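Next up: some structures, all given as structure tokens.
Shared between the two complexes below is subunit A, which pairs with subunit B and subunit C, respectively.
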Partner chain A sequence: MQGNTRRTGVMTDVHRRFLQLLMTHGVLEECDVKRLQKHCYKVHDCNATVEKLEDFINTINSVLESLYIEIKKGVTEDDGRPIYALVNLATTSVSKMASDFAENELDLFRKALELIIDSDTGFASSTNILNLVDQLKGKKMRKKEAEHVLQKFVQNKWLIEKEGEFTLHGRAILEMDQYIRETYPDAVKVCNICRSLLIQGQSCETCGIRMHLPCVAKYFQSSSEPHCPHCNDYWPHEVPEVFDPEKERETGMSRSNKRPSRSRQH
Partner chain B sequence: MSQKPKSRGRPSSQVEREPGGGGEEAPSTSRGPGGAASQRRAQASPAPGPRSQKQLELKVAELVQFLLIKDQRKIPIRRTDILRHVVGDYKDVLPELLRRAAERLEYVFGYRLVELEPRSNTYILVNTLEPVEEDAEVRGDQGTPTTGLLMIVLGLIFMKGNSIKETEVWDFLRRLGVHPTKKHLIFGDPKKLITEDFVRQRYLDYRRIPHTDPVDYELQWGPRTNLETSKMKVLKFVAKIHHQDPKDWPAHHCPCPNPFSCLLKSEAQPRARSLPGGKGWRWEEASCLFKFVVVPGRVCKLFFL
Partner chain C sequence: MSGDSSGRRPEGRGRGRDPHRDRTRSRSRSRSPLSPGSRRGAAPERREAPERPGLEDTEPSDSGDEMIDPASLEEETDPSLCRQIRHQYRALINSVQQNREDILNASDKLTEVLEEANTLFNGVSRAREAVLDAHFLVLASDLGKEKAKQLRSDLNSFDMLRYVETLLTHMGVNPLEAEELIRDEDSSDLEFIVYDSWKISGKTAENTFNKTHTFHFLLGSIQGECPVPKPRIERPRKVRMIEEQQAMPAQLKRMEESHQEATEKEVERILGLLQTYFQEDPDTPMSFFDFVVDPHSFPRTVENIFHVSFIIRDGFARIRLDRDRLPVIEPVNINEESGGNTQIRNQAIIALSYRDWEEIVRTFEISEPVITSSQSQQRLSA
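Let's look at the complex of A and B:
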């Protein structure tokens, strides 16, 4: 797997500082990753040209490979923003210790995860999650406490909350992709376009195929009348806009100003 | 907890050793029951067979993660913990594993694995990269305000000639609105922080002074402090909070017995009374004076199912 398959890059202090600081974030948006990269160059090597981010990260990943860690790139499911997260690829008992969460808290997450995966919309209601507190492993947890734990997951960017319902944060999807596919092989949903794991998205009402919102945006970008790529039936949902980092910067739009996401169409 | 079988490319530490590679019994011992032979077998642990590169590599990876996680909590890592939680029956190659893990930590992350004190068999990670103030703008965790408190205490210790009585520490801290018995908005329980947490993390040494009544304790720099920062840096921070340049205090560049008085002089007091977080300085600023291992945060999986 390693060594001879990929030429390992050379780590410099620029890369190390980047990695150290990246680790302080659970997940980071691309624009902030670029800013971080620039900062590291500035600290160590002012005059060097800032390497293309993709190559920069590939260098770091080539040395992380032997440690079973990777900087993974993904895209937020609701508005197509590129994100980066450091994920652990090896599942060993050591990882257990990494958790900031107690056994019953992890079990609560597990329960929420299962509800999210089983749902049609990719969201699980707070009520439904809280109704499962009696079934949790470990110390007994009251509903009130469970509410706080769910908020902790939101703060730590494992879950996203929208109007009292919870779905997986892009970070959790990146981190747990393999685990979800292995554990819920029948319930898991996949995007028709990119073939990646799908939690939120749009689905064809005729044939049932699903697509991520950013994938829908790209696929139907230049078509006036979108049709399902699988059964060719008319695509009934509103096609979102393709995420454009330049446009966002110009208009100075913040996330909170954006129109509400239409992630729950199905 | 049993492991689910992992797909290709997802190694697990519970994987059985490759056939023919492990569990070699002591030579010439029959597998039959009874007799000295089996007794001998029961007493001597089987010599482990040769392990594949991949197995060793996975062990090193686990060890690296373990060290990162443990150091995140700033508790020195004991060799015994390493043996128990990670190395297990790879005990015989522990020195090699440690060597490789240390090499990886330094090469990849810029963290050096150092022994806290000679022959203590406990380790910490020290950052080989110098923290810079601008790091604070791009970090995900906003530094720790408790570091500021630690810095003050370290400064006091230093100023007092490397050792200070606990009562004197509180005399000073009270002027900053930090009391041993009162809950603090930022620090919570400052007494616990100073006399327990910082001590456990080996930033401070806390020793009872014999024959004192009421009992008093003395505080000194702990071994971790010497590895992570320096007297100069502490001095810089202390000077900063009094808006003075270290060069104004030439006496402290080489520590001498009683320089502490200037800190307590009237000039210091009006400023000391201003609340931390007000203009001038923030508690978090002290973080950049420590060569902390940047908190690894969420390197590792949320949980292991």
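Let's look at the complex of A and C:
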């Protein structure tokens, strides 16, 4: 921490614009973050020396610290893309009231969160979540409405939907990490490699330890025959590929080309 | 009598401290236009006496002198002057009352009369005149209130024509031209102009709505009420039980699409079946599984559940749990239905996997389907 604080620069309009952009998006992938950083420098101060992204964010965080807000870096649980999210760190009387969601909507999220945490796979099916709608606190919610609310959570990047099943978005994990650990101390799962919170991942069928997919990828990167790091038994799952930003850029190009046509269909 | 003695006493005391007394006297003299000498002469001894010791005891303050001023002034004022002031006040009030409308409409008439009253008040020295001034003030504030009311109602009213005109001008459309275009009924031309022009007004309005995003978060708000640990103990078990049966909704949907037209007929047929079974044996409830499960075909089973769901929804039959907590199905009589309408409707989603189906067939020893497929029935009847 000492090293960080020494290197932090002065907060300028470049930083402020960047922070506003991140506020708008909530969570961004690293490539987008770098693009936005460049953009902010272009708008405000072309001649300023571009800070390294890490230092740039440290500068902003040093100011946000007193507000209990932070820009946190993490990786997506499925494919290990680095992401940055602006997260709230504290629960205050003000933060309790300043919510984008109604009481019953928050309760639905809480219920979904419970199902996700309790599940083995890190996913909760929409069927199971919707069947809990009758138990919600606050205003009554119909199943149809609940479906909408779930979609709203997906849109706001708190949940991810995959084939009718929901899991937590990286943004939610970054922000709720502490809350999840404190609220579900018995049900919470931890990655054997990075020791951080695990929602979805692979587990050893012999000893039951769990690992994030990106951690699995890195750990078994060079070994042809993967073995469990805990019990040394054979690792029965498919080892995913390590995330490579270079490769991502190529596929990303083709993906962004496809995107407009897809959205038009909807 | 006591007044007299107290009046004399300070005098004696004062004499003993001459230099100091002189200093206060000279100071009060320079401030007050009324010299102590003349005042003493004008005011009766009785009135002055209680004031004096106060003055002498608290020493340097000369406020005591001023406290007496109004009383002495009253004695001094000229009764004719007072009468004149009263007369002027009454005239002013009268004229304001009569010209009420004028004052309300003119912009600064009210200020003028207020200033007039202010100059009159300079000459006021007695309560009697001051009361008249207060009268006038009440009247003036009444008028002021009315004026303020007028002002506000002006702001509130919305002149639509004026608004449209201003808007059109802002959008670069001459209102007169636009009117002509409407008269010409050359609507396509008008639409074109208006459509393009909307963009201009849109751009202006944009700035008002261009709000920056605020900070969005879940953590602080969700923590509001922590879930009680109690329900958590039950849940994992429950969840794991349901977890084995999954990924069903998609299949149901496809069914709905392909059999859209046939569904209605099929539902009626199944309801007929259910009712015939109960006519034959009205006392024994039928197990829901016995009714819907087709031991030879998983898709048929799903289809049956789908069709039965319509019967339940429309209130022709109901599902309840028997003594063993197993679901049973029974038709609802039409007479009974009217009374049962008030019953609260429940909605539930049933998930059924291939494994579950196999298990149900095994557990309930279902060998023959109750709901025969429509094709096979047709074959039989033919």
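What we mean here is this: the second predicted complex is superposed on the first by the 240 of 266 C-alpha atoms of A that agree within 3 Å, B and C clash if a C-alpha of one lies under 4 Å from a C-alpha of the other, contacts with A are read in each partner's own complex, and residues count from 1 in each chain.
What we mean here is this: contacts are C-beta pairs under 8 Å (C-beta built on N, C-alpha and C of every residue); 3 or more make two chains touch, one makes a residue touch a chain.
What you are looking at is a predicted structure, and each value in this text was computed from that prediction instead of being measured.
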Problem - Clash-or-fit label for the pair subunit B, subunit C on subunit A - result: clash
Practice task
With the two complexes superposed on chain A, say which partner A:187 touches: subunit B (first), subunit C (second), both, or neither.
Solution key: second
Practice task
Using the superposition on chain A described above, determine whether A:243 touches subunit B (first), subunit C (second), both, or neither.
Solution key: neither
Exercise for the section: Figure out whether A:41 sits in contact with subunit B (first) or subunit C (second), or with both, or with neither. Expected result: neither
Practice task
Classify the contacts of A:88 with the two partner chains as first (subunit B alone), second (subunit C alone), both, or neither.
Solution key: both
Problem - Partner chain in contact with A:219 - subunit B first, subunit C second, else both or neither - result: neither
Practice task
Go through the superposed model and pick first if A:175 touches only subunit B, second if only subunit C, both, or neither.
Solution key: both
Exercise for the section: With the two complexes superposed on chain A, say which partner A:118 touches: subunit B (first), subunit C (second), both, or neither. Expected result: second
Practice task
Examine A:106 and indicate which partner it touches, taking first as subunit B and second as subunit C; both and neither are also allowed.
Solution key: both
Handout entry: Touching partner for A:130 - first (subunit B), second (subunit C), both, neither
Key = second
Practice task
In the superposed model, identify the part of subunit C that clashes with subunit B, out of 23-31, 41-49, 95-103 or 203-211.
Solution key: 203-211
Problem - Overlapping contact positions on subunit A, where the subunit C interface meets the subunit B interface - result: 20, 23-24, 26, 69, 86-92, 94-99, 101, 106, 109-110, 156, 158, 172, 175-176, 178-179, 183
Exercise for the section: Flag every residue of subunit C that touches subunit A in the complex, lowest number first. Expected result: 212-227, 232, 235-236, 239, 242-243, 246-250, 347-349, 351
Problem - Residue ranges of subunit A in contact with subunit C within the complex - result: 20, 23-24, 26, 69, 86-92, 94-101, 106, 109-110, 114-115, 118-120, 125-128, 130-131, 137, 143, 156, 158, 163-164, 172, 175-176, 178-179, 183-184, 186-187
Fill in the blank from the handout: In the complex, subunit A touches subunit B at residues 1-2, 11, 13, 16-17, 19-21, 23-26, 28, 32, 35-36, 39, 42-43, 63-64, 66-69, 85-99, 101, 106, 109-110, 156, 158, 171-172, 175-176, 178-179, 182-183
Problem - Contacting residues of subunit B [partner subunit A, same complex] - result: 1, 3-4, 6-7, 9-14, 54, 57-58, 60-62, 64-66, 69-70, 85-86, 104, 107-110, 127, 129, 132, 134-135, 137-141, 294-305
